[in-house]
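Residue numbering begins at 1 within each chain, and the chains themselves are lettered A, B and C in the order written.
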Amino acid sequence: MNIQINNARLIDPASHSERQQNLFIAQGRIAALGQGPAGFKPDRVLEASGLAVSPGLVDLSARLREPGFEYKATLESEMQAAVAGGVTSLVCPPDTDPPLDEPGLVEMLKFRARSLDRARVYPLGALTQGLEGERLTEMAELHDAGCVAFGQPGVTISDNQVLMRSLEYATTFGFAVWLRAQDATLSRGGVAHDGEVATRLGLAGIPVCAETVALSSILILARETGARIHLCRLSSAEAVEMVREARRRGLAVTSDVGVHHVHLSDLDIGYFDPNCKLIPPLRSRRDKDALRAGLADGTIDAICSDHTPVDDDGKQVPFAQAESGATGLELLLPLTLKWAQQAHLPLPAALARVTTEPLRVLGLPPQRIAVGEVADLCVFDPATWWRVERGALHSQGKNTPMLGMELQGRVRYTLVGGRIVFDAPVDRQS
Amino acid sequence: MTLPDAEALIGKLAEQIRREAGPGVALVGIYTGGVWIAERLHRMLALSTPIGTIDVAFYRDDYKKTGLRPGVRPSDIPFPVENADIIVVDDVLYTGRTIRAALNEIFDYGRPTCVRLAALVDRGGRQLPICAQFVGAAVSVAIDQTIELRRDASGRFSLALAS
Amino acid sequence: MPPGASASLWHPEAVSTLNPSLQISPEGKLLHLLTTEGLPAATLLQILDTARSFVSVTEREIKKVPLLRGKAIFNLFFEPSTRTRTTFEIAAKRLSADVVNLNIATSSQTKGETLLDTVANLTAMHADMFIVRHSESGAAHLIARNVGPDIHVINAGDGRHAHPTQALLDMFTIRHYKGGFNDLRVAIVGDVLHSRVARSEIHALTTLGVPEVRVIGPRTLLPRHVQNLGVHVFHDMEAGLKDVDVVMMLRLQQERMSGALLPSAGEFFKSYGLTPAKLARAKPDAIVMHPGPMNRGVEIDSAVADGGQSVILPQVTFGIAVRMAVMGILVGN
C-alpha cells in the first residue's frame, strides 16, 4: 500500500533533528521525503498538519497477559492498546503462566502476535526454568524460537551461584541478561517504599537497600562474568549513582526506568491508592528527581511502560493485598512528552528514550526517519489534551494512577511495516 | 418595638413562683438563658434544692436536619428526680419543641410528681400542646426574628432582638 | 478555561489532592472517622466536649438517650476483638441505635467474598454506619470510598495505620486529669512500628498542641522516619521518661520475637518495661495509660498497672462516652 503523509513535523531521534516535510511510504518502507518518488500514486493520504511523526515507540516491558492470565487481559486487547499508544515494538516479560521457558510457548506467542497484525513482539525468555531460580532454561533453543534476551525482572533469583552461572551460560552465546535489582529477604513483607509515607500509613516498607544490595551483587557478577546486563526498572537515587559509577569504570551495562516512576513518588499513594502500588515501589521525591536526572544525562538509557493490566478485583482491596502494577501502553507517549516539556528537552532527544535507545538495548539497529528505513511510525498530535478515563483506554487494564488526569499527546495513526494498524478517527467512531 | 425589661420580668416570675410553689420546689434550667434565670430565681427565692441544668441536645427532634452542634454541655441534675416537684426554666417559649425535649430528658432521670414551666418571655407560635404556668410577659415578634437574653459583666439581664 | 487548566495537577503535591482524605466534607463536616491525621483541632475538641456530656449520661439511672433511635449500626470486625467491639456496641445501644455484630472471619469472607461485596450486601440491608476493624492498613478508607452518601464509617483499627477512637479517648483522659494539652510532655513507649494506636496518638497530640511528644523503644521497633511525625526519639527509657507528664504504654505482641525484631520478652521488660523505679523518673503526678489488653510483666509491671498513677480503668469508661460522641456527631452530619 502506498501512503503519503502530508505536512507533518518529522522527528528523527537518530539524527537529533526534526523537520517539516512530506513523507512517502511504499512496500513497507519510507520511499521518499519531501518530494514523492516519480510516478508515486498514494492509496491513502494522511493530512497531518499540526501532527508529528516519529519512529514507532519501542516499549521494553509490556505484559500481554497471555498465556495464563486471560481474565485480566488478552493479546487482542493489549496489542490494540499498544498500537493505540503508538507502540510498534514491545518486549513481553517471561512471567506468564506458564512462564516463557519453553520454545513451544514462545513460538505460540510469536505466532499469535503475528497473526493479529499489530505491533512487533519480542519475547524475553525466562532465565531459569519456571522462573524458580534453580535450573537454567534452554537459552539457545529459546533464542531460536525468538527470544531477544533472557531474564526474570518479576522474580528475584536469590541464589547468587545460580545467578552467576546463568550469566556465564548466557555469555557463552552472547545473550543479554535482564535483571531487576531487588533482594528477596530485604524486601520481604514490604509493600511500599520504606519512607515517611509508609510510616504514616502503617505500610510495611521496602528499603532502598533492598535495591542497592542486590544491585551491587549484580554489578560485581557482571564484571566477573563479562555478561551483558540490562537493569530493569531502577527506582532509587542510590541505584542511579551506582550505575553511573559502574559505567564510568567501563562496565557495559544498560538500564531502564518505568514511566510512572519518572512522574510519581510515594506521596502519590495519598490515602492508600492501590493504583500506586507498583514494583519496584514508588520512592521519594528525591529518588524521582535522581531518576529524571539519570534519564537526562544518559545514565538511564530507556523509559518503558512496564504495562501490567490488573482487573478491578485485584486492586479494590486493602493496599497490602492489592496486586501491583499499572496499565501503561497508552500513557507511554504522553507521559514521555510531559517529561520532555518539564525537563526542557527537545523532542528528538526525549523521544530517543522510547525509540532509538530501547532498540540499542535490544541490540537492534535504530529506526530512522530516512529513505529506505522500515516504516514503523507513530503519527501523533502533541498538543491535544485528553482525559485518562476507563472508556478512553483500549487496554483491559484500567488500573492507572493517572486516572482522572488530563494529558497532552494523542496518537492518530500507527504504522507497522508501512501498514496502518491504528487509525484513531475510525476507531473512535466504532 | 421595645422589649420589656428583663430584670423586671424576673421579678414577676419570682413573685408568681413564690405564691404558687412550695419551698421544696426544684428548678431545672435549660442552657443557656434558662440556667441564668434559674440561678437568679434560686437566689431570690432562697431555695434549698440545688438547681439542675440540662442541654436537651440529645433529645431534640431536629437532629436529622442540623446534627449535633458543637458546644454541647453536660446535663447535671444533682437532686433525685423521683417524686420531685420540678419547675423547668427557659428564657423564651416559642414552638414548644425545646420543652418537649426537656420533659423527655427529665423523665430519663426518674419520675417526678409534677413538672411545671416558667418562661421569661412567651412569644406564641406554639407547634405542640405546651404552655407555661409562670410567664414574665407575652411578646409578639416577626417570624424571622429571634429574642435573645443577654447578661452583662455585672450580671444584669436584658432582652434583645436579632434577625 | 481549556483542559490545560488541569495541568496544575502536575505539581507533585497536587497529585495527591486527587486522593482527598474522605473523612471531611468540603464544608468541614465530619463524614467518617478514619484517622486522627488531618483532623483540625476544633473537630477533635468538639468530640471531646461532646463526650463530656455523654459521661454525665452514663452516670445516671437511665444511661440512654434517644439520639440514634431507629439507626442501624453494623460492627464489621474482620479482625477479632471482644473488648473494642463490646465498647462500640454499648456506646451504640446507649444512643438507642440497633446494633448488628458481624464477625466476618467466620462468615462470608472466608468463602472468598471480597471486602467490597460484603459491604455492598450489608448496605442493601439499610445500614447507617459501619464500624470496621481489619488487619490491613487502609481497609477503612477502602470501605469509606465505596459506601453510599448517607453511610458513615468509623475505623476501629486498620492494620498498623490508625485507631482514632482510641486516640480520642486517650486525649479525653489526658484532658480529664491534666486540664489541657499546652504544657505537657507525653511519652509513648514500646512497639511503635506496629502500632496503629501510637500513630493516631501522635497525630492527635501534635494537633492539640502538646509541645513535646516522645517515642521510646529499641530501634527495631521504631519506624525509620518516625521523627518526621513530629516526635523526639529515645532509645533509653530512663532518659525518655524524665519529667514526663503522661506515659502511654503500648502492647507488645508475642510474634515480635520471631522475625528478628526482639530476642525475648524478658529482655524487653528489662529495658522498656514500666516499673515503679522507671516511673519515678517521670513527674510525681504523671499518669500511666495503656490501650489494653495489658501484658503484665512484659511492657508493664503489675505494681504500676494497679498503682495510684494508673488511669487504665478510667480509660475504658471514657471510651464509651467518646465513642457515643463520635457516633452522635457522624450520624447527624
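By definition in this document, a contact is a pair of C-beta atoms (placed from the backbone, for glycine too) under 8 Å apart; a residue touches a chain by one contact, two chains touch by 3 or more.
Computed from a predicted structure; not experimentally measured.
Set against the C-alpha centre of chain C, every other chain centre is closer than that of A. Ranked by the number of C-beta pairs in contact, the top chain pair here is A-C. Nearest to the common centre of all protein CA atoms is the CA centroid of chain C. Per-chain CA centroids place chain B at a distance of 39 Å from chain C. Annotation: 75 Å between the Cα-based centres of chain A and chain B.
For the pair chain A and chain C, the distance between mean C-alpha positions equals 43 Å.
The set of chain C residues touching two or more other chains is empty.
Across the assembly, chain B contributes no residue that touches 2 or more other chains.
Chain contacts: chain A has no residue touching two or more partner chains. Chain C meets chain B in the complex at residues 29, 42, 46, 49-50, 52-53, 55-57, 60-62, 64-67, 328-329, 331-333. On chain A, the positions that touch chain C within their shared complex are 194-196, 198-203, 205, 207, 264-265, 267-273, 285, 313, 316-321, 338, 342, 385, 387, 404-406, 408.
On the side of chain B, the complex with chain C involves touching residues 55, 57-59, 63-64, 66-68, 70-77, 104-105, 108-110. Taken together, the chain C residues at the contact with chain A in this complex read 2-4, 6-7, 9-10, 12-13, 15-16, 18-22, 37, 114-116, 134, 136-139, 141-142, 146, 158-162, 196, 199, 223-226, 228-229.
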